[in-house]
Structure formats: structure tokens, C-alpha cells
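Chain IDs A, B, C and D follow the sequence of writing; residue 1 opens each chain.
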Amino acid sequence: MTVAEVSTPPCRTRQVPGQPDMWFFVLFESLIFTSYFCVYLYYRAQHEAAFLAAQSQLTLWLGVVETIVLLTSSWSIARCVEQSRNGRYDVARRDAFLTAGFGVIFLILKVVEWVRQIHLGNTFSSGDFFQYYFFLTAIHLVHVLIGFVVVGVAIHQLSSPRRRSQELVETCATYWHTVDFLWVLIFALLYVVR
Amino acid sequence: MRRLNRRLLAVWAVLSAITVIYIWIDHSADHHGTAHASSAVTVIALLLAAVKVRIIMREFMEVRNAPILLCRLTDAWIAGMSAAMIGFYLAGRAVAT
Amino acid sequence: MRARPHRGHSLGHIGTLDLVETLLTVVRKDASLRRVPSSGERVIFWTLPAVAVIWLAAFFLFPGFVRPMSPRASATEVATFYREHTARIRYSMILLNWFCVALIPLLMLVVERMRGMAHRTPILRFCVIGVAGAAPIAFLTTTVFWLLAAFQPERAPELTQLLNDLGWVTFTCGVPFLVAQSGFLALAIHFDRQEQPVFPRWVAHFNLVIGLALIPAAFAGLTKTGVFAWDGLVSFWVKNVAIAIWIIVMSIVVGHAVESDHAAGAEAVA
Amino acid sequence: MTRRSLRDNPKRELWLAWGATVFFYNLYAVVFFLFTHIQPPGQPWYSPDQASTWFTEHHHGLGIGLALIFVFGGLSATSIALITYSIRRMSVSRAFSYSYLIIYSVSAVPGFLFICVALTAGIMRPERSPQLQHWLYQLGFLSFSGTMGVFLIGSLIWMCAILLDGNRVFPKWFGYLNLCNALTEVVVSPSWIFKTGVFPWNGLIAWWIDVVIFGIYTGVFITLLRSMIIREDFGTGPLPAVPAWRFWQSPVETAP
């Protein structure tokens, strides 16, 4: 807490959303992903023609739809946190289910995209670009799968009056948003970067 | 409470709009339908992504209501991540030529 | 098949069921008798002589042990060896593959005795459990390599030699878990400072000596001649005799402890 | 510290296990990086002849280094035992601690025994046909990098225990760090598929980034185990919080 922060009269006290420990994870995990991204960009810049040729086989609009689906799921869990804070647990629970639902849509889209690429003959072991493509999307999808467990924890918390820890709900939301913003970066790196 | 929900809606709309901008960038970067390497597109795409990440952190993850320390830390993190990515990209290009 | 009555289709079956029922009534008779900590340990203990006999038999049955195979043998010699002794290698290794993990019950008897030691924490017990499984599994891997070589002795001599090497290296150098185990036990017994220690103090020193005797075998990969080679005095005879002595001595020591625990348990029940 | 203070210290078993853990990990680093040159790893794309040459070039370092692992490898059990103890100290079921103990003790054989055996067999006969030396070379490195499941599930069990624990044995952020470590076991899996690029057993992503994360993880858990031993009160309730000034204090305390 700094002096400047205390002197500004906040409408409510400034608090870290969720467990501060989860923020350690957010920062550490984004550091790890940044290292993957840097490796990718570094090698990509050296073999641009090959990467561009392979990249042109991706469907940009599918990536855009996936991004928007994931952003919508993020929006849902943000609403869930807000509702839970205001004590409207039923609505909050519905929003958490919505989050998981959009997560499932993302998962299906991702698998459809993979199957399309594999039919086109682009697999994990065919060419540099598709190594990175399958690696980054797969490791991100593992995070989405973990995210389902995390959202499940939030739903479990919201389901019974005996639990309903706002801190835990916020922690779970923070994890889900991390999955979201990592995808935002991966999307830019795989689909748009030239 | 309604106000807050509207705010989240606005945030979502802005994020989705930026995502759609990518399509426009992608189209305008093509020269007669063929893709070309372009540092400008890369840097703009990365910066836009960084802006989106910052919006997600500020609004969705409620960093704007968090202690100043966390605000500064996340901002520094985003700046560092973008700088590292752009730096490695440019370094790779420099090595290649 | 379905219509057959549940009981009475064979004499042996009735006998087993009756025995189970008798045992159940014995257990039920005393409702307060939940679990005697040392109950059944004598059964585990008395499996050991049988296991020892099987081990000894397998040891002498395997033609590569009595006069340990030389690491200097050429590929052709090794291949000839496997062709000539195929049957003995197979049967001895099948025996050892069955019974190499039979050491674990003995180790668990030791672990149970460690509960009675004057320790503040179960750390050393966990250490022993942590290494107890690995040594027999390493030995299991050895038998797999040798069995594989004997499975098709007519294969290219170089391949037979490779499998033979892998088997011998795993067998000879695979001592880290036994070394650590002796060390942990020595420490545990040393820390057991009470009027009636679980194991006598000399067992700690004994374990230390055994642990030290096993160490040179780890260096068998460095040379093919001399006492450190896998057929050498130190790496083969000292190491294997040390393991044999350890098993015998620890069995006797644990046997005493189990007996006295059993007597104490019987006294408590009476 | 005097002899007497160690003997009377109720935490001596914990401190010995901790010291052995520190010794083991340092030995591991020294042997793998300095003696054997298993780290940085040999090239996965080596031809049989190159693999054969690799064995002859590293003959002495490999021999001595691997022998040291054969002597001291069993000490890995001390860190496993200490972590098992830490999970038992938590408010969760003992099923977690026993699962961790069994999973990690199983990991010893594929995790380090296989590489030691394969590479020792490799240096014993430099004259062996390069094709077979090549096979030993790959067996060594792949079994070492590619032993994944035990560490993956083991870390996840530790993570669950920490996150569910009410005795604050470890901070929650370390629970999340376990997840990061578990994910490195996912990231290393392409080493079974690639020989060049960033994903083989010496690749930048599949290996080096994971090594850095594992190094951080190991350093952190050794430090946190130390703090746990200092705070241990041999009770069953929450562990006392550690004042910052005591954290760096001399490890040996007098008996209460």
C-alpha cells in the first residue's frame, strides 16, 4: 500500500482479486508462455517464407470465431464474479455454467480445426510452422481442460450456502481469464503475425 | 449493478472489435492475394494483442480495483512481454539478413 | 453350471469354507480384538526360508553366477554361452523373476519394527519405503535382459552380447537403493535411544559395513579386468556375499523382534 | 553446533533428510553438467558413428559420473520422504502422502537408473557396432527426458494437497507452481517425436525452458521444506507462521 493510494478516497478498499497466490501463477505462467513465443518469433523471423506458406493454410475467420467465443466465456465469468459479490448466487452459477459452455464450444472448434489441418496433411511433425501451431494450441488446450476443473470448483462453491467463498470464485475467474489472454496472444502469433 | 454489467458488455464489445480488426489488417497486408512478410504487421499485431491483454487484466480481472502495486506489476509484465517478443522477432530478422 | 449348488461340489471347497468360518468366529468372539499390530507377521517371516532356498537354487542354476561370466568374453563366446546353457538360464531367471520381489515383505517387517523406534518423525521409515521397491525392480529388469538374450540365442552375437551387458550392468551397478537402505537403517537404529532398543546397537554398525561393501560394485562399468570388473572379487563376490549376509542377519534380527512382539501381544491379550 | 545440540534436537531426522536432499541435488547437477556432459545433452540427430564417437569422447567422465550416481542415487529417497512428511502434516488425507511416496519411489528406476545403465553399457565396449551404440545412446537420453507420467501425476498430487490444506504447511502459490512443473512434463513429450528443432530431447522449448522451470521449482521446494522444518511444532494443527527474521536463522534450534 502506497501513500498515494491511501490518500485517494476509493469507493471500496483496493483488494487483490482472488488469492494473491493465483497472481503469482498468472505472472509465472505468462512468463513461461512468453519464452515459447519468443522462441517461435525468433525462428520464424529467420525462415519467413516457409512459415508464411504454411500459415496461409490456416483459416483466419475460424481463429477469429474461436477468439470471440473465448472472450465471451471470459465475459461470462467476469459477470459471475460480479453477481456472486452482490449475493445473487443463482445468476452467478448460471454465468459459471455459461463460461464452461463457451469453453466447450471453443474446444469443439479447436478439434474441428485440428482435424481439418490433419486432413490437409498438416500434422505435428510436418514442417516448422505446424510444429509450433500444434504445440502452442495443444498446450493452451491443456490449460482450457484444467480450466474446466477450475470453473467446476467455482460452481461447487456457488452451489451451497455453506461454501460461497468469494475469494475462491475470484481465484477461479482469474485463472480462466489467464487462459483467455494467453489465447489472445497465441491467436495474434499464429494467425496474424507476418 | 446494471451499470457495471453494461461496462463489462462494453469491454467485451471492444475486445471483439479489436479481434475483427485483425481480419482487416490481414487483408490489407496482402499484395494481390499473396502473403508477404512484414515487420509492420507483426509489430502492430503484437501491440494490439498487448492492448487486449491489458484490457482483459484491467477490466475482466479487476486489476483496476486492485492495489497500485498489482496495477504497476501487470503493466510492467505486459510491457516486458511485448518488448521481449518484438525484440526476439527483430533479432531473428537481423540474424537472417 | 449355474444350477450347481454353491457349496459341496468338491471336498476341498467345503474344507476351505469351513476354515474361513472357523476363523471368522474366532475373530468375532472377541469384539474388542480389532487388530494386533504384529498379527500375521510370523507367517510373513516364515516365508523367508522358503524364499532363501529358491534364491539359492536359482543362483546355482544360473550358469553365469557360479563362475561369473567374464566381461572380456567376445560376442561369439557370449552367444555360444547362451546357446549352450539356454535351458538353465531360462529356468533360473524365471525363478528369480518370480521371487526377486519376495525381499519386500522382509523389508516391510523391518519398516513395521521401525515404528517402535524412539524417533520423533516417520522420515526414516518413509526413506526405507522409498527405496524398498526400487532394488527388487532393478533386479527384475536384470532378469528381463537375460531372459531376452536366452529367448532367441541364435540371434546376431552382438545383440546377445548387448543384452548380456545390460543385464550385468543392471545387476552389478544397480546397488544405489541397497546402499541407501543400509544407510537409512544404520541411522534409524543409531537414533533409537531407549532402554529397550528395537534392534541391538551392533545392527547399526553391521548395516554400515554392508552399505560400504556394496559401494565398489557401482564402479564396475569403469573396467573389464581386475577386482572391480563385474566378475571381480569386489564387484561380484564381496557385493553378493554382502547382500546374502545382510538378508540372513536381518532376517534373524527381525525374527527375534517379531517373536518378542508376538509374545508381548499374546501377553496383552491374555 | 555442538554434538550435544544435534543429538537433543527433536528435528535432527528432518534436518538430516533435508541436508541429504541438498547434497543429492547438488551432486546431480555436478555429475550431469561437469562430469558426464549428459547436460547439455548430446545431439538427438547423431548418426550411429557420431553416437559411437560421443561415447569414446566422454568415456572417463561418464564412467566416474555414472558410478557416483550408482553410489548415491538412493539418496533421492530423502527428498521424497521429506515431501511425504510435509503432506502428512497437512490437514488432508494420508492417501495423498502415500500416493506421492509410491509414485516417486517408482520413478527412480525409469528416471535415472535406465540412463545410467544404458550409458555405462555404452562406454564398456567402444568397439561395439555403431548401430548398437546408437541404440544405447537413444535409450539413455530418451528414458531420462521421456519419463514423464510419474512426475506429472506426482506434482499434481502434491498440488492438490497444498491447495486443500488448512494447516498452511506451504503457501498456496507453491501449489500453483506445482502445476507449472507438472505442465513441463507435458511440454517435454515431443522429445519422443523430434530429432531437430526446438522440441527434441535437447530442444530449446522441450528441454531447456523445462530445465529452468524445474531448477526454480527445486530451489523453491528445498527452501520451503527448510522453512517447514523450522516451523514444525510436532502438533496436528496449523503450522505457526514464520517471522521473516527467523527464516534465515541458523537451522539448529534448541529443544523446547
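The definition used in the following text is that contacts are C-beta pairs under 8 Å (C-beta built on N, C-alpha and C of every residue); 3 or more make two chains touch, one makes a residue touch a chain.
Since the structure is predicted, the reported quantities are computational estimates derived from the model, not experimental observations.
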Query raised in the report: C-D or A-D: which has the larger count of contacting C-beta pairs?
Result: C-D
Query raised in the report: Using the mean of all protein Cα atoms as the middle point, what chain has its own Cα mean nearest that point?
Result: D
Query - Farthest chain relative to subunit A (centres taken as mean CA coordinates) - result: C
**Report entry** Centroid spacing, where centroids are CA-atom means, of subunit A and subunit C in whole angstrom
**Finding:** 51
Report summary line: subunit B and subunit D have mean C-alpha positions lying a whole-number Å distance apart equal to 38
Query - Centroid distance [mean C-alpha coordinates] between subunit D and subunit C, Å - result: 26
Query raised in the report: Using the average of all C-alpha atoms in each chain as its centre, how far is it in Å between subunit A and subunit D?
Result: 30
Query raised in the report: Can you list the residues of subunit A that touch 2 or more other chains?
Result: 39, 43
Query raised in the report: So which stretches of subunit B touch two or more other chains?
Result: none
Report summary line: Multi-chain touching residues of subunit D, meaning two or more other chains, are none
Query - Arrangement of touching chains [line / ring / star / complete / other] - result: line
Query - Pairs of chains in contact (touch as defined earlier), listed by label - result: A-B, A-D, C-D
Query raised in the report: Once bound in the complex, which stretches of subunit D touch subunit C?
Result: 10-14, 16-17, 63-64, 66-78, 80-82, 84-85, 88, 101-102, 104-106, 108-109, 113, 116-118, 120-121, 123-125, 128-129, 132, 135-136, 234
**Report entry** Residue numbers on subunit D that touch subunit A, as the complex places them
**Finding:** 171-173, 175-177, 179-180, 183, 186-187, 190, 193-194, 197-199, 204-205, 209, 213
Report task. Going by the contact rule at the top, pick out the subunit C residues touching subunit D in the complex. Result -> 71, 119-124, 126-134, 137-138, 141, 158-159, 161-162, 165-166, 169-170, 173-181, 183-184, 187, 191, 215, 218-219, 221-222, 224
Query raised in the report: Okay, in this complex, where on subunit A does subunit B touch?
Result: 1-2, 4-5, 10, 12, 14-17, 23, 27, 30-31, 34, 37-39, 41-49, 52-53, 55-56, 60-61, 64, 67-68, 71-72, 74-75, 77-79, 81-82, 86, 170, 173-174, 177, 180-181, 184-185, 187-189, 191-194
Report summary line: In their shared complex, subunit D is touched by residues of subunit A numbered 19-22, 24-25, 28-29, 32, 35-36, 39, 43, 124-125, 128, 131, 135, 139, 142, 146
